[in-house]
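There are two complexes below, and they share chain A, which is joined by chain B in the first and by chain C in the second.
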Partner chain A sequence: MSVPAVDTVLWYLLGGVGVALSVLGTATLALSVRMRLHQLEREGARPEVRRIVLEALDSEPSLEAVAEELERRDREATIEVLEKYLRQLTGGDRERLREVALKLDLDDRALDLLESPLLHRRLEGLNWVTLLDVKLQEEEIAELVGDDAKVAEAAARYLHQDGRDRKATETLLTTHRQPLSTFAMDTLYQANSGDPTPILDVSRASSAEWQTSKTLQVLKVVEHCSASVPSARVDWISDLSSHSSPEVRAAALRAVRHQGWQTVVRESIDWSSVFSDVAVVRRAGYRTLGEWGDAASLRLLSEYGSQETDDRCRLTAVQALHENGAPRSHAENEGYARTWDWVEALSRAG
Partner chain B sequence: MGLGGGALEGGMMYGQLSSVLVAFSWFVLVYFAAVNSTYLVVHAASFAGIARERTENQWNPVYSPDSSPFLPSVAVTVPAYDEQEVIVDNVQSLLNLEYPNHEVVVVNDGSTDETLERLLDEYDLERVESPPPFELSCERVRDVYVSPYLDLTVVDKENGGKSDALNAALEFSDSELFCSVDADSVIERAALLEVVKPFLRDPERTVASGGSVRVANGCEIDDGEVESVALSPLPLVRMQTMEYVRAFLAGRVGLSGLNSLLIISGAFGIFRADVLRDVGGYSTETVTEDMEMVVRIHTTLVDRDRDYRMKFIPQPVVWTQVPEDVASLSNQRRRWYRGLLETLTMHRHAFGRPRYGAVGVFALPFFFVAEALGPLVEGLGYVSVAAAFLLGFVDVGFMLLFLGVAVGVGAVLSWLSVLAEVVGFRRYQSPWEIATLMVYGLLENVVYRQWKAYVAWRGFVDLLRGGSGWLNAERVGFR
Partner chain C sequence: MSHRVLVVEDDADLLELIRFKLANDGFDVLGIEDGERAWEFLAEDGGRPDAIVLDVMLPGMDGFALLKRIKGHEELEDVPVLMLTAVGDEDNMVEAMEVGAEDYVRKPFSPSMLQARVRRLVE
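For the complex of A and B:
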């Protein structure tokens, strides 16, 4: 290998690097100037658009006048500000802004976006049909959803906003098998918080086909649905007490936390097997009993909590007893007494 | 111009020396080309990652995560050792975070200054008059204080180091997610909700995410909030600003895109608390507990056949104070370098093993070759070129040529990350600041980079000597 070749290689490298630096430096500086100017322009337009939009909430200016004024402003800034307020406002204010948006033909824009080959544009379109309550037929939605889980989640939100809660639930739980995002879980919750019949019915029919992670997510949603339901609708949850995953067994206990008033539900739980299970299940058991909070539950809490060997589980049991105003038990082992001392001291300090 | 034709005439010894130096110069050149090519791939992956992130962020689902019952609870934890200058601002910034479901846990790790007293005075904390009823996997806890009005807990314990303090925080928090923040840092108000996004998008599989760390020196910070962003006037700080931009906007984004994320910064990282407990908490065997934790999570979850995700997202930012003097910076970098070597040594079993996916096959070997060996080889390269020059094997022209290429390639990589800043993030908005960053992208390759190679060698020697000190930096407080 000849020595001068090192020099030659370096010269080539230096030339290449020089060209790269010239192009990169020029592009970076030019872009920074251009983007700064664009930013200043947008920042300048936004307060004016915001003022017009907020004035539109008063009944004074006619909607036509507001739309006309907004049409003369930066369209991107107008869309940005309208979207922000349509998300935040409710009732009459939202309805008035929706009408302004319709006068600006944002509904047509939304329908155009739904036709886009780009996923994020279609998702944006679904956002806008949801915000503007644009009517879509179920066939149109089914065609849109196709195989994409994100589109399914956005479509389910649209269906929920449109009052079609059962369809929203089915879209999330039967169309796609993979785990849900938090957005989808929230949609499921919103669609079922008043009446959890759809989620319970669909789950009873389909839960056997789900992966463990999806079962867990649905149980978490059910846990937050506080409306009462007939015990027959939650029997599939009781069946999960023998599931192979401890997380599912724990979530199943938490899922019935609002159904403790039903004797059938309470009697379906074998507490001795719950409290001989692993820690995560025992903690869920203590929490559920604490939330039921009746005399029988507190007796169970005290009985099993005082025998508890795991520090964290014992703490959960004692916290549940303390929150329910239960008296401190006299038959205390040392760990149980220390836990009570801590919980009481924490309560006094905080 | 060239490597010494005339020197070969100087007898056997000279001839052998010359051959060795030529061979070494080729080795350095090939090494240099291989490492920088890989860095270019990482930079390309970062641009792809930024584009993907921008597309994902363009869709903002029609719901409000902060009012959803499924928003995970977060324990934001601060290990603090002698942080009296910054602790109150830091805690205030954490209490101000726009996140409806978070608690703040500060662990005073045996400070010798007034860190604890300042917290007690500022927040009217009440002492819990009973010892905790659970076994603690950390140094002795002296006292626990809670606020009657805020979600704030202060744990006062014997000194045990940062990992030990984080383990204590893990014991005293009951949130689903565990977020570690350095005491010399200020989180942007919306950053916690941003950094949690990977957990919202994929709640079952995501186990960790991290946000960007940027330089707070020079910014205007008031009451725990960054009021305005600006570059520090100090050249040493500007060098570090350029480094942070490159490390986070190019390095971490690119490595995350290649499923090779090995570091989620301890200054702003968030983990599933049950996963942290499950893998045994933070290791006290290394000084870079953040990197070690990420590598251990990778290897443990792969060993358990668990499907998981770790994500770096550059948009949420924590602003951190960087050292303003050479001695403090040297301490910090020696510690980082030593920690890197410790972590790579601890997880050497995963090197090159396809079972560990991109982490085993690419990330760990890349970190070893580029980040661990890189500064050492670079240091040797400088010494050998200087030796060759003194012995007459090389002329000034060759030296300048070599230096020009090294500086140029380094500048290309830095400028690529400045471009990423311009198109993707825009925390530094004025073209003047961008131009300044670019100048420092060039300047850092002269003297600063050589100094870092020297510091890495010192860190290496520290490790060989078995040094384990914390090597603290001087805190100057937010301005």
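For the complex of A and C:
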């Protein structure tokens, strides 16, 4: 038996690869054309769908009649339009459109999506249970989330919208150690801006587990939650003043800027250690003292600010003193006097 | 005679919704999807509306730039403008009110509330 020449085998192989590539290319092209046609079909149906959806805002047509008419249209176009309006609207009009969506069984569709093995389908499902206010039990949510960060963030949004802010916070802060997305930061803030008890309690129990970047994110959210809380809830923040990262030490100081009314919080900070730290920490310290603005804080600002060697830190200290109406003190430090001149001139210039 | 309202909003779905709600309330509504074209309409066509609903985020000329032009134009400066803005845009809204916007509505919004605010602006 003769053995085919190497050249022949190579040509067969190349031919095979060529055929496979052509088939793949043709299939991809056909799929793109089909998707484009489908998209055009949806876009074509959209104005009519939108007209029917908007007419539902009038009390004239019954919800059944609206749903029946929408059933005859392109379902994907209907879903897109309803999603847009449910996301952008509030009040009675939104409620009426939510009822239209329920008549179209979009709640059942959302629950089916949650069962999908595909991540993007599960996320879509969570989006829809949020939009339609479908009640999910906490066990169902926990099972759905597993240890997936993206699903956790979508689930947290759902929980917040549903008024379960503590559970939303737990889901965001305990599911994984990685940093949060901007969307999750927003959820965390919204869930805690009125009452930061959940973020403080959950952080107290789990902050030791986080990566530095996540700790910074949580401290940033706490800093912007201005409501006052009992001192016991912020003691974990004071503990972060000895963290190995200067950014965390600085963020911890900023995070307690709204809690200065509590003696315990004020006394928990070792200012001599803060003002012998690196510039980023010292600057945060001056800002926080300026926010507190009580007599003891102003004394500290004046004492340490007048010895400050870093220009930006000194400027922060003097600005804080000036904003609090503290009198100008005369220190030996020439830079300190110059900084006061500058801040006063700025103030006069308006 | 019905009041004329110009709505400048780049999202076609929202534009149609606002147009629908205002038209149902008896307004004569004109919708334009970008800032440049809205300015052309206002400045060149002499189309002086009784009120303007203006989205902040627009392609090309944004809502603030258009607002400044409107309030800097002697024939348009007294046309009341209601700004449509996103949550968290408070600083920009302060700026918009300083430039001369009469009111603002934050998205997500209640269309009925928007309707009521526009009605108040023209009355």
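What we mean here is this: the second predicted complex is superposed on the first by the 222 of 350 C-alpha atoms of A that agree within 3 Å, B and C clash if a C-alpha of one lies under 4 Å from a C-alpha of the other, contacts with A are read in each partner's own complex, and residues count from 1 in each chain.
Just so it is clear, contacts are C-beta pairs under 8 Å (C-beta built on N, C-alpha and C of every residue); 3 or more make two chains touch, one makes a residue touch a chain.
Keep in mind the model is a prediction, meaning the values are calculated, not measured.
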{"item": "Which of chain B and chain C A:335 touches, first, second, both or neither", "value": "first"}
{"item": "Partner chain(s) touched by A:274 [first = chain B, second = chain C, both, neither]", "value": "neither"}
{"item": "Partner chain(s) touched by A:157 [first = chain B, second = chain C, both, neither]", "value": "first"}
{"item": "Which partner reaches more residues of chain A (counting touched residues only), chain B or chain C", "value": "B"}
{"item": "Which superposed partner A:52 touches (first chain B, second chain C, both, neither)", "value": "neither"}
{"item": "Which superposed partner A:85 touches (first chain B, second chain C, both, neither)", "value": "second"}
{"item": "Chain B versus chain C as contact partner of A:315, first or second or both or neither", "value": "first"}
{"item": "First, second, both or neither for A:93, with chain B first and chain C second", "value": "second"}
{"item": "First, second, both or neither for A:14, with chain B first and chain C second", "value": "first"}
{"item": "Chain B and chain C contact sites that coincide on chain A, given as residue numbers", "value": "87"}
{"item": "Interface residues, chain B side, partner chain A - complex", "value": "1-5, 22, 25-26, 29, 55-56, 58-65, 68-71, 126-135, 145-148, 199-205, 398, 401-402, 404-405, 408-409, 411-412, 415-416, 418-419, 422-423, 426, 429-431, 434-435, 438"}
{"item": "Footprint of chain C on chain A - complex, ascending", "value": "50, 54, 57-58, 81, 84-85, 87-94"}
{"item": "In the complex with chain A, residue positions of chain C that touch it", "value": "11, 13-14, 16-17, 20-21, 24, 107-113"}
{"item": "Complex interface listing, chain A residues touching chain B", "value": "1, 3-4, 6-7, 9-11, 13-14, 17-18, 20-21, 24-25, 27-29, 31-33, 35-36, 39, 87, 120, 123-124, 127, 130-131, 150, 153-154, 157, 161, 179-183, 185-187, 189-190, 213, 216-217, 220-221, 224, 311-312, 314-315, 335, 338-339, 341-342, 344-346, 348-350"}
